[in-house]
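First chain A sits with chain B, and in the next complex the same chain sits with chain C.
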Partner chain A sequence: MSKILKEYTYTPAKIDKGYSGKSLYIHVGDLRIEEKEVTEFMKEKFVGGKGFDLWYLWHAVTPETRWDSPENEIVMSAGPLGGITQYSGTGKTLVCAISPLTDIPIDSNVGGYYGPLLKFSGWDALELQGKADKDILIFIDGNKGHIIIEEADDLPEDSHLLAEELTSRYAENEQDKVNVSVVSTGSAAKHVLMGMLNFSFYDPRRKTVRFKQAARGGLGTIFRDKHIKALVVKYKGIKGDTNNPADLATLNRVGIKYHKQMHDLDDKQNAMRKIGTANTIMVMDKYDLLPTRNFQTGGDPDAYKISPQVFINEYLTQGIHDGCWYGCTMSCAKTADHFPLKTGPYAGQCVTVDGPEYECAAGLGANLGIFDPQAVLEQNFYCDTYGIDLISYATTVAFIMECYEREEISQEDMGGLDLRFGNAQASLELMHQMSRGEGFGPLAGLGIKKLKKIFVERFGADENLLDDIGMENKGLEYSEYLHKESLAQQGGFALTNKGPQHDEAWLIFMDMVNNQIPSFEDKAYALYYYPMFRTWFGLCGLCKLPWNDIVPADNYLTDTPAKVPEHVQNYVEIFNAVTGKNIDKEELILQSERVYQFQRIFNIRMGKGLREHDSAPYRSMGPVTREEYLSRQERYDKQLQELQGLDPSTMTLDEKIAKTRAYREKQFELLTDAVYKRRGWTNNGVPTIERLQELGMDLPMLLEIIKPHL
Partner chain B sequence: MITVNTKEHPWHKGMTVRTVIQEKGYTFTHLVVRVNGSPLHESLYDSFEIHDGDEVLVLHLMAGG
Partner chain C sequence: MKALHHRQEICTGCLACEIACSTAYFKTEDRNKSSIRILNNDNTFHANICTQCGECINMCTAHAIYRDRNGVVRINKHLCVGCMGCVGFCSELAMHYSDDLPEPFKCIACGICVKACPEGALEILMSKS
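Take a look at the complex of A and B:
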């Protein structure tokens, strides 16, 4: 029995229209536990979820706070719709902190049961501040109203072992395991800056603990720096009305309509129930969008080896419900069960691999030049259990591999690892080094921004080349889409609050293939509407996928099929049905914009958030190297003629590369001008007082930050 | 000459929506097609004839990330 450090009893608040009205504050250093009121002001201005997280985080930190400062907080919240069971994708938790990779707020949207169970235990949000002096575990019993903080030195480090042990420990029996959720990271999180958090849910069909990840920005690194080994919540008694919605009948009606679409149309559309997000691998390859060998090209002849059909036929269990929260008929959280590991400390064991998601196959596969599904899944497993964000890992290792192949760094610089494209064994060994804190692992785990500087200063690498090919913005690694030919998506990645994650905007087809947003103003509108719309999922505790990974059969008849108007209306109706409010689709966007502008100003407060911080590496815009240009020469030559009136037959290759670069960089600047204007920002990216007034966000604390920049 | 997603594309006799999709190399299957502004159901792709000068939109409803 572990030593109990602190006990706290409370009366669980009854949920009213999606809110408990209380948040929980825990200082893990001095073991202080406090209850806070969730005010009407918070609900009005910030809604919940990521909005609440950012509000609390703002008050916890100062401009001098860094990721490992004791006052940095990990804040998590499910949002008012979190935990409903009538609609798909409603069990999300939003997690925020000051990131070790970016020094600004990061936000991650994660499935699993923790957030909804936390809310039903009486807490709209949880703040974790301070640093413990030894490993601790925090257990919340939501039925009894009991919180225990205890020592956790004796628990395993890696998530798949830790969460299994804790789920068994806190469940009364097999049936009770579904009422327990664990937040943990893994052994690598102590040694890298790209550590992530695993949020568990128990799968009674497979009789195993499953995970979803709050992956981006180093949340797991902060978690371990605070010496938190795990968070555990237990709540028994979830029903269709546990959120105590204002209008259960509407919630049921909208949900049934949606589930029928899923049943009737998913097989004809994206097959999310069969393969999940990995359904897009071959589409990306065919349209030259699958990032290959550090985003050099958009496809590879070997891509078929990691196609969705390979995973479906050979690895992924079919025919089992795979939702990461109750009531999600999209059921896209696939697994490879009884998967035999070949390397590392668990070699020879058969495990359940949660995945692969698209980002996993694209990142750990194509972008590393590894077209071996077994190796993709093994890397997937180890990233998860070690607590490594696989997107940052994949993009960083792709960068390292290119630096090595271009002889900017040597095998000796990497401690003897032969990290060339396609070498899955070397990549797996790097992961194991990250887990052990040995060799090249901790250095690689610093992420691209810091590695660029180290490679230049320590190994004499070419600074300009590394700046061009290092796919990071704001310190966060790009997610796995090749987007050189979509100017709008260049903005969709770089002109973001937290960095280049695709959850703000994904405009590649709308821009590059459909040619629906040809002008700068069109693109700027898209880079206003979609980031605002998608931010809303994070305020409410929702998943993005049910919005447009299935669409109504008559969606093609609408004026704006890309917006999926019927589903937007669904969201309006379920928000009103839960909260009793009366928003419309315009107010939905404004709810998001209030938080979006707040986050932008938060970045400025932390010394970032200006135009210079939105710059993008040239590889995200166009061909850096001769090989890249030559690989798509017909396309680039044609663009020189059509867009710039030049005759490529009279130009050298280097001249063509230079002219292409000058043109594309200028286009990006013009896009930035247009987007800033549309978002109500100055040309330096600062929200204007006028726009804040229009939104009702002209709060003195925000005006104080922006005035020196106006 | 016709336009496909606002860009010029050569027209030929007997051209259908399906022909346009194939000639453009559109392998993604979740499409919304409009000819001269009118939406077209998928069941008509093989038979609906495209005329010289038509404006064809083939919108890929790619959900993406």
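Take a look at the complex of A and C:
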């Protein structure tokens, strides 16, 4: 039995219209536990989820706070809709902290049961501050109103072992395991800056613990720096009315309508129930969007080897529920069961691999030049159990591989690893080094921004080239979409609050394939509306996928098919049904914008958040190298003629590359101008007082930050 | 497998089956709480009843639906979380719900309606599948 360091009893607050009205603060350094009131002001201005996280984080830190400062907090919240069972994608937890990769707030949206069970245990949010001096575990029993902090030195580090052990420890029997959820990371998180958090849920059919990830921005790294080994929550009694909604009948009606759409249409649309997000691999390849070999090209003749059909036919268990929260009939959280590992400390064991998600197959597959589904899944497993964000990992290693192949760094610089494109064994060994804290692993785990500097200063690499091909913005690695031909998506990645993650805006098809937003104003509107709309999922505890990864059969007949109007109305109705409020689709956007502007000003407070921090590496805009240009020469030559009136037949290759670059960089600047204007920002990216007044967000604490920049 | 079978050629649409069902399980004469629903289509009476096909078993998001030893598909109310996913997913539209009930409900081929039917239009059939 581990030594108990602190016990705390409380009376679990009754949930009222989606809120418990209380949040939990734990200082893991001095073991202080406090209860805080969730105020009407917080609900009105910040709604919940990411909004509550950012509000608490703002008050916890100063402009000087960095990721490893004791006052940095990991804050998590499920949001008012989090935990309802009637609609798909309603079990999300939003997690925020000051990121080790970006030095500004990161926010991550994660499935699994922790957030909803935390709320039903009486807590709308959880703040974790301070640093423990030894490894600890925090257990919350939401039925008994009991919190225990205990030593956790004796527990395994890797998530698949740790969460299994803790789920068994805290469940009374097999049937009780679904009532336990664990937050953990893995052995690599204390050696890299791209550590992530696993949120567990027990799968009673497979009789195993499964995971979803709060992956981006180094949350797992902070978790281990605080010496937290695991968070465990237990709550038994989930029903359709546990969230105590104002209008259960509407929740039932809207939910059933949605479930029926899923039943009738998923097979005809994205087959999310069969393959999940990886359904798009071959679509991305077809449209030159699948990032290949560090985003050099958008596809590869070998992409079929990691196609959805390969995973469906050979690896992924079919035909049973795979949701990461109750009621999610999209059921996209697929697994490869009984998967035999070939490398690392668990070689020879058969495990359950949660995935592959699209990002995994695209990142750990195509972007590393690895077209081997077995290797994709093995990397997927090890990233997860070691606690490594596989997006940052894939984009960073793709960068390293290109640096190596262009002889900017040597095999010796990488401690002997032969990290060339396609070498899955070298990538796996790098992961194992990250886990052990040995060799090249910890260096690679610093992420692209820091590696660029190190490669230049230590290994003599070409600084300009590395700036061009290192796919990071604000310090965060790009997620896995090639977007050189979509100006709107260049903005969708770079003009973000937390860094280039596609959950703010994914406009490639609207922009590039369907040409629905041709003008700068059209693109600027899209880069206003969609980031705001998608932010709302994070305020409420929702998943984005059920919004548009299935659409009503007659959606194409609407005025704005890309918005999926019927599903937007569903969200308006379920929000009102839970909270008893009376918002409409316009107010929904304003709810988001209040938090979006707050986060932008938070970035400015932390020393970023201005125009210079929204710049993008040229690899995201156009062809950096001769090979890149030549690989799509017909396209680029045609653009020189049509867009610039130039005659490519009279130009050298280098001249064509230079003219293309000058044009595209100018386009990006013009886009930035238009987007800033639409978002109510100055030309330097600072929210204006007028816009904040319109939103009711002209709070003195915010005005104090922006006034010196106006 | 045990399942309720309806013979529409002799059904008169008296709805005694619906009343018997809702009364037995929910103590009310309310067809919205009956697991058998008789639908009148130009005086031809069609019964909306569970075929015990089991499509809902694997899709259940709480692993609460199972087939019992008689082959009847049943809902474990202790495990059900009231998501109503099975209501939307039932191809026969034979999984029902009511806003004042925490779980959906369905025909479990108990035979109460068979006894209540004055015309003998309902029977419980056993099949090997």
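General remarks:
The rule is simple: the second predicted complex is superposed on the first by the 710 of 710 C-alpha atoms of A that agree within 3 Å, B and C clash if a C-alpha of one lies under 4 Å from a C-alpha of the other, contacts with A are read in each partner's own complex, and residues count from 1 in each chain.
Keep this in mind: a residue touches a chain if its C-beta (ideal position, glycine included) is under 8 Å from a C-beta of that chain, and two chains touch if they have at least 3 such contacts.
Note that this is a predicted model, so its numbers are computed, not measured.
When both complexes are overlaid on chain A, the residue A:Leu545 reaches chain B alone and has no touch with chain C.
Residue contacts after overlaying the shared chain place A:Lys239 against chain C, while chain B stays out of touching range.
Residue ranges of chain B in contact with chain A, taken from their complex: 5-7, 25-28, 30, 32-33, 39, 41, 57-65. Per the touch definition, chain A reaches chain C in the complex via residues 85-86, 175, 178, 204-205, 238-241, 248-249, 252, 255-263, 319-321, 323, 326-329, 331.
Of all the residues in chain A, the ones that touch chain B in their complex are 269-270, 280, 283, 286-287, 358-359, 479, 481, 502-503, 506, 508-509, 513-516, 518, 545, 548-549, 551, 555-557, 561-562. Every residue of chain C that touches chain A in the complex is listed here, in rising order: 58-63, 79, 81-85, 87-89, 91, 97, 99, 102.
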